[in-house]
């Protein structure tokens, strides 16, 4: 269930838990926090792949990285996973970046509403919101006690506008945005910084592993803005936003001075129409 | 499971199904459509009370009214209820007006996020969105076939802004708004009018049964905007918006010319601050 | 400056003043209010054309119609025009529907920002907002005194989202929406209904005079949502929304019960993508 | 008209022009860019006070600082001021932070709409939007030529929601947001980063000069979000947000990687209700 990878023991900093870690955004965020000295817990469904990511980050960043299996569609799995996370120490940072990758998301093709299986709709909302709810409930008491903490949610353009053929995605992302607003309003006075990042574009692989052809322009008008809880949602062919660059914004939100906190911001590449 | 109350047999019009009928908004909407000649199916959890409402509307409006039990928290119950609704004929109008009344809604007191039982959060989202999804899936194929139909969703101020202590409500209402946008964008070209009504204020009992004291001002800054699926959410003491007046706007949306359809509007009493 | 056309003398109702009357939306709104028994004042820059519209409405609706010249880009002209309007009696309804038609609006072609003459930007804002401000200031005291009145502003999709190449339009329409919100919040408790109508589509000529080809679909993604103060902005060739149908929504807003007032709604044809 | 204060000659970097510099936000932003090696041009109406700010920044940051008089209510003054700015070299950064401080802003007391002098409304819109339009038109051609540049606009909560009694502020701030969106959409593909900062709270003096009492909480629900073009709008008594902290976010937006640009973000202190 959990694999500890890493060298150093204690950094004085808390734990940064990143839920929804595949090959793209989740990995880049985890690596950034590891790079900055955090002990990192990364969570996704495919423990094998997750372990390889953990090893890679641990090796490259000389950091302590824990790989913990989570199935965001299953509340019991979420709870068990966070028992593991909490056992590591004070969870100072929670990044919630998971979504359910149905076939339509991967392909960016709309599904006629009447053809969406109810089970699929339920799972999508469960991963987008129910698991986020549970993760937040697990980490907030510790943050309240310490009087500090950061909770970052990944949204996308579907967080703001309904899209024909993507109700599974939109309903979950609208609800996640509501959750973020409610938590920010309730907890920021207690020192917990809750923020919602609207990624308006397709996230691709990091650039060091994949050089984009010159002049290439992202062609998608929306993306799911996060990473599949199961870690299988690799988009192939489309050159998207560099997740290492996106991770810088997550880090910036974490280190913002509490006298001037941002709750919501959008991010898109300069070469996209919006 | 179903109680048929009424006199006339066929009106040439289709069925108007109203989900979430207690003593207030749902009843007023059902009555308005009955008054205008529709056969009405009203759905809520408490069949006894629902039957009394059905009898009252049937008697007063000389209309055919069907009372059908539904438990919006239970997908199987929703499906069975709509088998009943669909057996009545072409469902031309669906009004989705149900929400889960947890104790905090009734009292309008916030609940600390960490104290919300997961089960309660799940049920709230189920009633707000999952059941709305299922109801819409049931009626859209018939509307597509006829090339006409109206689907009206009840929202509230919590559809637009998160509120500290009300994440159950806000997450469900944000998601319902997303559903409404997705459906409008997908189906309006096929003649199905989907609209989202943002009721910004507390809904009270109809005025004929309850004369408001002069000068009374609604004091709540938000309400759940709909009616409890169980029909027990009677607000006591607070004088709210007259549901018969609100029902006029639902009717107006239904009869709007398709060359100029509204997808979203807000409603509030003139004596409220906003 | 003013031309009185019409027969009957007093209707018991107040005056409905419609600012921005060309061949389309403004005319249809004026006609609707005339049809419902209001004495109507129509205002635009081209008094010749305006007088013909006034005669037509007066004849067809057996109503009293006043044509008053206004140049919305000139504050003095606005003030003088409203002295005329106020001299007719109690202004119960103000519909503000004027915009400045620069060449880019008519053609729906974007103008590079650096090529917009400052004078043109100024005039656009003056017509969209300054004149609306002055008109509202003129009519509100009378409405306050009577404890009733309706002020309707015409917006469009550019009221909600900036559009590359249309800053003249968007800045004015955003500002007009702000004005509408401020006035609604300040005056609705005094019985003045202020509403903002977002017309999401191109307005065409009324249908009785111009039969649309079957299957024709509106192709523009935005329009200015109102009518040129000068009344010269006739769109040729493009088949748009029927202004007579749109006028019904303006009328509906006017007659809404004050216990359930709408401040903002959108309207678009069912055959448009949004 | 212009006073050059400073030591070093050329930094290789361009000019950062900050419009609307009084004792608070504008000064802090200017100082931050000076600290990071930019030659800074600061613009406001009161040249005497502006010169003292320039001297202070030049001395403390060992930077080259130009004080240029501007009257944002007067288009000719804006144009002349920017001839001065452009003569200094390539304007790489424009921060537009000016607003018109009528008496109601300073006191945060609403003004009844009918009591707002038209002249005051006009001036407010002129300072908020007309001058911003002119400044942007002056600097964009140079940015286009270099393929880079940053334009930052200061907004506030009144940029998003109308407020009864503050139409002067809201209309201008809504319009400025529209301008920011239009410019971002038109120019970001050319390497110009346009962003809109929503400051949700009252800006106070920098903390080194004014230690806040412990436990003090900002009590205003909105502020004008910028600084008076005339530099006289010092708020006395109210302890607001530290402008030096806010300036960090402006800097962050400037240095964001163009593969992930933010167009809009909000900022508020953790101890404020929102």
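In this document, chain identifiers A, B, C and D correspond to the written order of the chains, with residue numbering beginning at 1 in each.
Just so we're on the same page, contacts are C-beta pairs under 8 Å (C-beta built on N, C-alpha and C of every residue); 3 or more make two chains touch, one makes a residue touch a chain.
All of these numbers come straight from a predicted model, not from anything done at the bench.
Shared residue numbers account for over half of those found at the interface formed by chain A and chain D, and the copies are therefore classed as meeting with the same residues. Averaging C-alpha coordinates per chain places the centre of chain A 47 Å away from that of chain C.
Averaged C-alpha coordinates give centres for chain B and chain C that are 34 Å from one another. Each of the following residues of chain A touches two or more other chains: 184-185. A list of each chain pair in contact follows: A-B, A-D, B-C, C-D. Listing the residues of chain A that touch chain D in their complex gives 184-185, 188-189, 191, 193, 241-242, 245-246, 248-249, 252, 256-274.
Within the complex, the chain A residues that touch chain B are 75, 110, 112-114, 116, 118, 121-122, 125, 129-130, 133-134, 136-137, 140-141, 158, 161-167, 170-187.
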